[in-house]
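Shared chain: subunit A. Partners: subunit B in the first complex, subunit C in the second.
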Partner chain A sequence: MSNRKTITFAFMDPPFENERTVTFFRLLDAALETGANVKVFAYEGAAALSFALQKAHGNAVHGRNETDEDHPLTKNWIAALQTKAASKDLQFDWVNCGLCVDERGVNECISGCGRGSPADLLRYATASDNTLIIGTR
Partner chain B sequence: MKILQVVEQAFRTIVEEQDDTILWLTQSMISAGGDLEVLLTGNCAYYVILKQRQPSLTLGSWKQTEPAELNRDITNLLEKKIPVYVLHEELLERGLLDTPVHEDIQVINHDQLLDIYDRVDQVWQW
Partner chain C sequence: MSRYFFIQSQDIFTEVRTNAQFNLAKSLAKKGNSVSILLVQNGVVAARKGARSAQMDALLNDSVTVLADNFSLEQREINVNNLKPNIKVSTINVVIDALLNGDKVIWN
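Up next, the complex of A and B:
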């Protein structure tokens, strides 16, 4: 039996509006770095983090086109963490609150993320060593 | 696994969601078999004295028809025998101590809160 720890995260903030989102992703990366399995329940605005139609853009003020600007997108951060987890043989599970997805129209999520419900948060937490709740403010 | 839901951010998203989203989440997880209790802390202490629905939002010709009903959300929890706590000290500092609260809401002090934190398996601070 694996002695790896598993941690569940519940997160509520949307992709781009505040630094809590960046901190959340840094915590996910740090958890994987320490060898922990990660489970994420994306609630409310966080349901858009894995939205597949996020699109990078150029920035005329920066004087860079789309390629050079390489604008950060949370869907790419998730994909990068999925890859990191796989490379370390760790689990990285991600479920979006289905009703939150519907009301925001962000149904198309990247591969490896899925639609769920609060029952999944309960299932994740029960199967984890601990749970970190990061509510929106 | 017993979970204490600590709900601190009052009136968050209630216009759009038409409820308190954490009280809704709590009800959903209880329906899924969860073992949860609720502490209304900070400005959520105001929830225990609410008697009316929230006012409807009107924007131009659009009028909200089903505004949040937070006292209903709390009553739903109490009717399912879910413990709901509020701190005596937080009612006191908001001048709410003499305002009637639902008889099934448990008004506790900080010492009792410590016992609750010791008793549950996880504390989820929303």
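Up next, the complex of A and C:
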């Protein structure tokens, strides 16, 4: 049985809007780098972080095509973290709040992310060594 | 004694609530708890040597450990040599260390 510790994160910011999102992903990466299992409960706007239909785009105003723009997509960041976790034999669980998903029409999430409810946050926190709640304020 | 670790993303100069946040940290320290604060995002702005912030200066005079996130400093081109005394530069890994140590970690 693994004696690795587990950290739960709850996050509610949407993609592409706030610096908190970058800090949140840095924390997830740091947790995996340290060798901890990670559980994420994404609610409110964060339910769109794993939305599979996110698309990169160019920026005609700046004369850059899609490749030049290299627009970051949070779904790709999540996938990269999933890969990192797998390479370190760590768990990386991700549940989106179902109501939040429905409200925003972002049901199609990438593989490895699922649909749940606030009860999952309780389940995650109970099964973890510690929990960090990152509110919008 | 408990261990508290605050992640301070809010900026003293634009968020009034930082007054209460810093007062809570100071109160916890005065009660004998171990209190650390990691400044991240715009929270690092008040760490600059020339920043006029009585709140930050008071915090640094108390027994609170104040750290500044290296990434946030670099983003804002704040040189480590231009920080107030008693502020140490850190990576964000300290948050994970605190969580794994069982600290009460609070996002501000």
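Everything below uses one rule, namely that the second predicted complex is superposed on the first by the 135 of 137 C-alpha atoms of A that agree within 3 Å, B and C clash if a C-alpha of one lies under 4 Å from a C-alpha of the other, contacts with A are read in each partner's own complex, and residues count from 1 in each chain.
Convention: a contact is a pair of C-beta atoms (placed from the backbone, for glycine too) under 8 Å apart; a residue touches a chain by one contact, two chains touch by 3 or more.
Just so it is clear, the model here is predicted, and its values are computed rather than measured.
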Clash-or-fit label for the pair subunit B, subunit C on subunit A: fit
Subunit B versus subunit C as contact partner of A:Glu44, first or second or both or neither: first
Which superposed partner A:Lys5 touches (first subunit B, second subunit C, both, neither): second
Partner chain in contact with A:Ala36 - subunit B first, subunit C second, else both or neither: second
Angle at the Cα centre of subunit A, taken between the Cα centres of subunit B and subunit C once the superposition is applied, in steps of 10 degrees: 60
Partner chain in contact with A:Glu19 - subunit B first, subunit C second, else both or neither: second
Partner chain(s) touched by A:Asn130 [first = subunit B, second = subunit C, both, neither]: both
Smallest separation in angstrom, by C-alpha atoms, between subunit B and subunit C in the superposition: 6
Set intersection of subunit A contacts, subunit C complex versus subunit B complex: 130, 133, 135, 137
Subunit B contact footprint on subunit A (complex, rising order): 10, 43-44, 103, 117-119, 121-122, 125-126, 130-131, 133, 135-137
Residues on subunit B engaged by subunit A in the complex (per definition of touch): 1, 3, 8-9, 12-13, 16, 21-22, 25, 28-29, 32-34, 122, 124-126
Contact footprint of subunit A on subunit C as seen in their complex: 9-10, 17, 40-42, 71, 91-93, 95-97, 99-100, 102-103, 105, 107
Residue ranges of subunit A touching subunit C (in the complex, touch as defined): 5, 7, 19-20, 23, 26-27, 30-31, 33-34, 36, 129-130, 132-135, 137
